[in-house]
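In the two assemblies presented below, chain A is common to both, partnered first by chain B and then by chain C.
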Partner chain A sequence: MKLLRKLPPEARLLLPAFVVILVVVAVPLLFSLYTSFTSYRLVRPETIWNVVWFKNYIKLFGSSDFWWAFGRTVLFLTVVLNLEMLFGLALALLVNQVTRGQRMLRTIMMFPMMFSPVLVGFQFKFMFNDNIGIVNHILQNWFGVTQAIPWLVESHLAFFSLACAEIWNSTAVFAILLLAGLMAMPQDPLEAARVDGCTPWQAFRHVTLPFLMPFVYIAMTIRSLDVGRAFDIVKIMTNGGPAGRTELIWTLSARAGYEDARMGYANAMSYVAVLLSIAFTVHFFRKLNASRQFLNEVDA
Partner chain B sequence: MKNQPFVASLTLLSTLAATLVMPAAWAGPYDGYTLRVKLIGGEQYEPLYSVIPEWEKKTGAKVQIVSSKSHFELDRELKQDIASGKIDYCLFSNHTNFAAQYVTITRDLKPLVPADFVSKFSPRVIQQSTIKGKLLEIPRHSDISELYYNKKAYDDPANKAAYKAKFGKDLAPPQTWDEVAQQAKFFAKPPNFYGTQFAGKDEAITGRFYEMLVANGGQLFDKNFKPTFNSPAGVKSLNWFVDLYKSGAVPKGAPNYVWDDLGNGFASGTVALDLDWGGWASFFNDPKSSKIAGNVGIVRAPKGSSGKRTGWSGSHSFSITQSCDNPKAAADFLMFITGFDAQMLEARRGLMPTRLDAQQAALAEFKAKNETYLTEVFNTFAAGMREDSFTPPLIPEWVEVSNSIWPELQKAIVGDKTSKQALDDAAKKVEALMDDAGYYK
Partner chain C sequence: MTQSALTLDRNPALARTLETTPPGGALPELSGLDDEPVKEPWLPAALLMRWGVRVCVFIAMCLIMLPGLWVMLNAFRTNVAILARDSIFAATSYTLDNFRDVFGMGDTAGIPVKAYFVNSLVISVTSTVIAIAIGLAGGYAFARYKFRFKKTLFVGLMLSRAVPGIALSLPVFIIWSWLGLIDTKVGTIIVYVAMNVPFSVWLIDGFFRQIPKELAEAAEIDGCTRWQAFWQVEFPMAKSGIASAAIFAFLTAWNEFALASQLTRSTDTKTLPVGLMDFTAQFTINWAGMCALAVIIIIPALILTFIVQKHLIAGLTFGGVKG
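Entry: the complex of A and B
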C-alpha cells in the first residue's frame, strides 16, 4: 500500500488497466513463449517441464515445409491485400457517385463481411469442386470448356481460388473505410483542380488518392493482421494441400499443435507468424505516417 | 351403488399411499446423479441419443451432454482436456483410431462390464478395442469400406459389348484392384463420367494407401516400429493412385476430396465405382439424395496382389474416464446405449452394429420386409468386418504418423515426386517422429 501511495495519481488510476492487460494478454503470451522452448505435447502434460531451449526453432528453420509455408503466407498477404485494396477502392468510388439508394448499396456491399469465414470456405469449396461444382458446370455448359478444371488442385489455380474466397469475404472492409474517406474529403481542392484544367484522372491521381492514402494504410494494417492469420477458409477449402501447395503458416501450425499435439513446436511456429504480422504492421504504420505527413505538408 | 363412498375412499387412500410411498420404491439406482458425457454429434449419430430419456427414467439419473461435436473436433477437445487436466465428465465417444492417445484418461472396462455382455460383440472388434490387455472402449458400430458400383453403367449393353470386345471378358464388378483400375479407365469419360474416385487428403488417403499396402502384402512398420511402407509393395500401392489420377479415370479434384465429396460424387451418378463406408448405403439408395437410387450394387472390397482384401476399419465406441466419480452408473449407461435395442435402432438406419445378435436380427428384419438392397449391404459389410478388418497401429502417435504420410502421398499423386521419392521422404519423417517418441531406445 505504501508503494501505491508513492505512485503519482495518474499511475494509480492506470494501474487496474495495466493489471488486466498483464493477466489477459501478457501472461498467455509469456506462457506460449515459454512452451515454444519445451517439448510440450498436449497428450503428455508432464512434457511442459521438459525444456529443450532452441531445439524447436532450429528444427523449424531447418524445415523446407516451414519455409515454403512462410513464403506462401507472405505472397498470399501481398496479393490479397493489394487486390482487396484495388477492388475496395473501385467499389468505394462507384458507390460514392451514386446519389440515390446509397445507404442500401452500402448495406449490400457489407453482406460478405457478415458471413463466417468457415461458411465462405464451404461455399467456395463446393463452387470450385471440379466434378459437381457450379464454376466448372457453367464453364462446361455455357462456354464449351471440355475439361474439368482442377481449381483446388493445380497450384496456381488453388492459390487463385483461396484468394477469391478471401477477397470476396473481406473487400468490403476496404470499401467501407475508403468510402468514409471519400465522404470526409473536402471538395475545394477537387474544384480547384477542375478550374486549373485537370482531367478526371489527374484529379484522382494528385488530389483524391493522396487524401485517401491514410485510409488505405489503416485498412491495410487491419487486414494484414487478418490475412496474416488466415486459417478458416484455407482449412476448409484445401487444408493446406494438395501436396502442401496451399500450406500457410497457420494451417501448418494448427496441424502440429492440435492434430499432432506438438504444442511446443506449434508455438515456435506461431511466434514466427506473429513476428511476420508485426513486420507488416510496422511497414504499414510507417507508410501511414508518411502519407499523413505528406498531407500536412500539402496543407501547409 | 351403496359401496360408492367406500370405493371412492379406497381409491383416494391408494392414490395418497402411492404418492407418499411409491417414489422411494420407484427410485432408480442412481437417483439424483448427473452423468456428464461428451458425445460425437452429427445427423448420422444423434438418433441413438433419443433413447437416453429411457435410461434416465429407469435409473433416476440425468445425462448431461457437455459436448457434441464431430470426431475430429472432439479429438482436439479431448487432447486439450488432457493437457489442462480437466476431465470432469464420465463417458466420452471414442474411436479405434484415436483410443491409444487417450490411454492415460481411460478406464479399463473389464471390471465394470460383465464378460457375458462383452461376449455378445464381434470378437475381432473387441480385440481392436483392447490395448495392452485393457478393454478401453465398447464399440457402438463399425465401419469398413466395400465397393459400391453404379448398376446403370454395368447393365448398359453398349458397355458390356465394348468391354467384352476390348478385354475378352464379361463386364462384372471387379474382384481385384488391378481389375478396378482396368474398369475405371474403361468407364472414364471426363469431365462427365469417371471410373472411380478416392479420398485424397488427411487421414483418408493415408488409410486408403494403408489398406492397399496390406492387400499388396506390405506393412506400415516392422516389429520394432521402423517404417517399412516404402517397400516395393508400397510403391506398387501408391502407383495405383498415381496411375488412375494421371489417366483421368478419377476426378481432378480427388487430392482434395474427403468423405462428403466422395459420397455426393457417387450419388450424383457420375462415377462407376466407389470404395466407401457402410454409413452411405442408405444415402446412395434414397431418391431424395441420390440420382442412382435403385441402381446401387455392392461387392466385397477387392483383393490386392497378395490375395488379401482391403479392410482398413474402425469402430465408433464409448469409453469411461479414470476420473469418473460414479463408474458404475457410467458403465450402466454405456451398456444401455450399446445394448441390443440401441444397436437395432442404428442398424435400421443402415449403420453396421457391433453386436452379433443385432447383426443377425437386423438381417432377419430386412429379409422379412423383402429389403434386398439392405440385406445385400449388411451381408457384404458383415463379411468384411468378420474376415478382412484391420486397424491402423494402436499407438498414440498414429495421427502424427498419418499427418507425416499423407502430404507425401499427395506429392506423388499430383506429380511433384515419384512414388519411391515420396515414400522414402515420408518414411524419414515417420522414423524421426518415432525416434522422438522413444520407440528406438
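Entry: the complex of A and C
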C-alpha cells in the first residue's frame, strides 16, 4: 500500500488498466506463446512440460489446410474491408445529401450495428437456407429461378454468403464515421475549387477525398481491431464447411484446440492469427498517420 | 455553373453532393442556399438528381432494414409456417407462442432463456461499470498528465485490442481452468472488462482533451482540490463521452460470443448469444425459437442505441477520430 502511495498520480490512475490488460491479454498471450512450443494436449496435462520447440510451427507451415485458411482469411478481410469502405462511402454521401429526416436515416443506417455478429450469422444462415430461406424464395417466386440454389453448400457461394453477412453487419461503422467526416468538413476549400472551375469529380477527388482519408483509415483501424468477429459469423453459418472450404484461421484453430484438444498446435495457429490482425491494425494505423500528415502539410 | 451543369450528366451523385448541398448540411441559416438551383436553367437535371438521390436512399435503407426485419417477423410465426414457406409479407397468422415457449410458459419445457437473459444482463452491466471506471482513470491520465513512454503505452494498450477474441480464448481458457474461473460469472466479467478497457481509454482520453485544462486549474485556484475540480468541472463536461464509451462497452459485452461460448457452460453463466446455439441440434434447427430469441437479444440493444444515438455519433467523431 505504501508503495502505491509513492507512485505519481498518473501511474496510480493507469495502474488498473494495465493490470487488467496484463492479466487477461498479455499473460495469456505469453503463455500461449510458450504452449505453442510444447505438445500440450488438454486431456494429458503433463504434456505441458514437453517442449518440442518449433515442431508445431513446422507442422503448421507444412500443412496445406493452414495455408488455405490463411490465404482465405487475408482474402476475406481484404474483400470485406474494401467493399465495406466503398458501400460506407456511398451511403455516407447519399445520406449527407438528404437535408430533411437525416437523423432518422442515420438511425436506420446504424440498425445492423446493433446485431451481434452471432445473430447476423444465424440470420443470414436462415436467409440463405436453400430450403426455407428468403433469398431462394424471392429468386424462385419473382425471378423464375427453378432450382433451389445451395448458398451455404457450394463453396464459392458459401464464401459469398459469408461476405454478405459480414458486410451487412459492419458497413454502418464506415458509413457513420465517413458521414461524421463529411459533416465536419470545412466548405471553403470546396467553394474555392468550384470557383476555380473544378468539375464536381475533380473537387471530390482532390478536395473531399483527401479530407475523408483519415476517417477512412480510422474506420479501417477500428474494423481491423475486431476482425476476429468474423469468427462468430463463420462458426454459425458454415462452421468452416463445406469440406473446409470456408475455414478461416480462427475457426481452424478453435477446432484444433477445442475439438481435437491439441492446444499446443492450436496456440501456434492462433499466434499466427494474432500477428496477422496486428499487422492489419499497424498497417492502417500508419496509413492514418500518413493521411493526417498530408492534410497538415496542405493546411500549412 | 454551366460547366458544372454539363458534368452533372457524367457524375450525377457527386455533382449533387458538391453543387446543392448547403454548406454544413443542416445549418439553418445556410439552408436558403438549397433553393438557389431553382433559378438555374438546368432545373430538370437538378430535380432528377434530387429524386435520384431519394430513390437511392430508399433502396439502400430497404437493403439495410429487410434482413433484420425478416427475422423479427418470423419470430411471430410458428415453425410450421416458416417451414411451409408461407408468403413472405402476406398476413399469415401471427402468434406469440414462440415467445411463450422461449420463456418456458408454453407446453414445451424450453431452453432456460430467462436465466440466460439475467446472466447476460449481470455480466454486461457489471463489466461495463468496471471497464468505464478503469477507462475513466486511464483516459484522464493520458489526457492530463505528461510522462515517459506515454505514446508507447498508449499504442500498447490499443494493440491489446487487436487480439481477436477467439485467439485469446484458448490461452485464457487454460489459465481460467487452473484458477477455477471457468463457468463463473466473475471469469467472464474479468475478460470483458479487459476487452473494453482499451477502447474506453481511447474514447475518454479524446473527450478530456477537448475540455480546456484551464477550467480545472481555475477551480483549483478557487480552492478546490484536484479531486473536487475533476468531479465538479471536468467530469460533467465529459459525461456524454463517458456515456458513449459505456454504450460501446455494454454492446460489446452483450453481443460477445467467441469467448463466452468457451468460458461458460451451465445455466448459471451462459449468456444469450451462447444460448442461441441451444436451438441447433445436429440436423435440425428450431428456427422459430431462434428468431424469438434473436428479438429478445436485439431489443435491449436497439432501445439503448436509439435513446443515445446522438451521443454515439458524437462519441465516434470527437473521441476517436480527431487527432
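Brief remarks follow.
Criterion: the second predicted complex is superposed on the first by the 274 of 300 C-alpha atoms of A that agree within 3 Å, B and C clash if a C-alpha of one lies under 4 Å from a C-alpha of the other, contacts with A are read in each partner's own complex, and residues count from 1 in each chain.
Heads up, the rule we're going with is that a contact is a pair of C-beta atoms (placed from the backbone, for glycine too) under 8 Å apart; a residue touches a chain by one contact, two chains touch by 3 or more.
Keep in mind the model is a prediction, meaning the values are calculated, not measured.
When both complexes are overlaid on chain A, the residue A:Ser32 reaches chain C alone and has no touch with chain B.
Looking at the superposed arrangement, the partner reaching more residues of chain A, out of chain B and chain C, is C. In the superposition on chain A, contact of A:Leu14 is made with chain C only, not with chain B. Of the two partner chains, both chain B and chain C are touched by A:Met263.
Once the two complexes are laid over each other on the shared chain, residue contacts for A:Ala243 go to chain B alone; chain C is not touched.
Of the two partner chains placed by superposition, A:Gly88 touches none, neither chain B nor chain C. In the superposition on chain A, A:Val43 contacts chain B only, with no contact to chain C.
In the superposed pair of complexes, A:Asp226 makes contact with chain C only, with no contact to chain B. When the shared chain is aligned, chain B comes close enough to touch A:Gln147, but chain C does not. In the superposition on chain A, the residues of chain A contacting both chain B and chain C are 42, 132, 258, 263.
By the touch rule above, chain A contacts chain B in their complex via residues 42-43, 45, 65, 129-132, 136, 140, 146-153, 237-245, 255, 258-263.
Against chain C, in their complex, chain A makes its touches with residues 8-11, 13-14, 16-18, 20-21, 23-29, 31-32, 35, 42, 90-91, 93-99, 102-103, 105-119, 122-124, 126-127, 132, 134, 137-138, 168, 172, 176-177, 180-184, 187, 190-191, 194, 197, 199-201, 203-204, 208, 214-215, 218, 222, 224-229, 231-232, 235, 250, 253-254, 257-258, 263, 266-267, 270-271, 273-274, 277-278, 280-282, 292. By the touch criterion given at the top, residues 75-76, 79-80, 82-85, 101-102, 104, 190-191, 194, 200-202, 251-256, 261, 264-265, 268, 270, 396, 399-400, 403, 407, 410-411, 413-414, 416 of chain B touch chain A in their complex.
By the touch criterion stated above, chain C contacts chain A in their complex at residues 3-4, 7-8, 10-11, 13-26, 31, 34, 53-54, 56-57, 60-61, 64-65, 67-68, 70-71, 74, 82-83, 85, 88, 133-135, 137-138, 140-142, 144-145, 147, 153, 157-175, 190-191, 193-195, 197-198, 201, 226, 251, 254-258, 262, 273, 276, 287, 290-291, 294, 297-298, 301-302, 305-306, 309, 312-313, 316-317, 320-321, 323.
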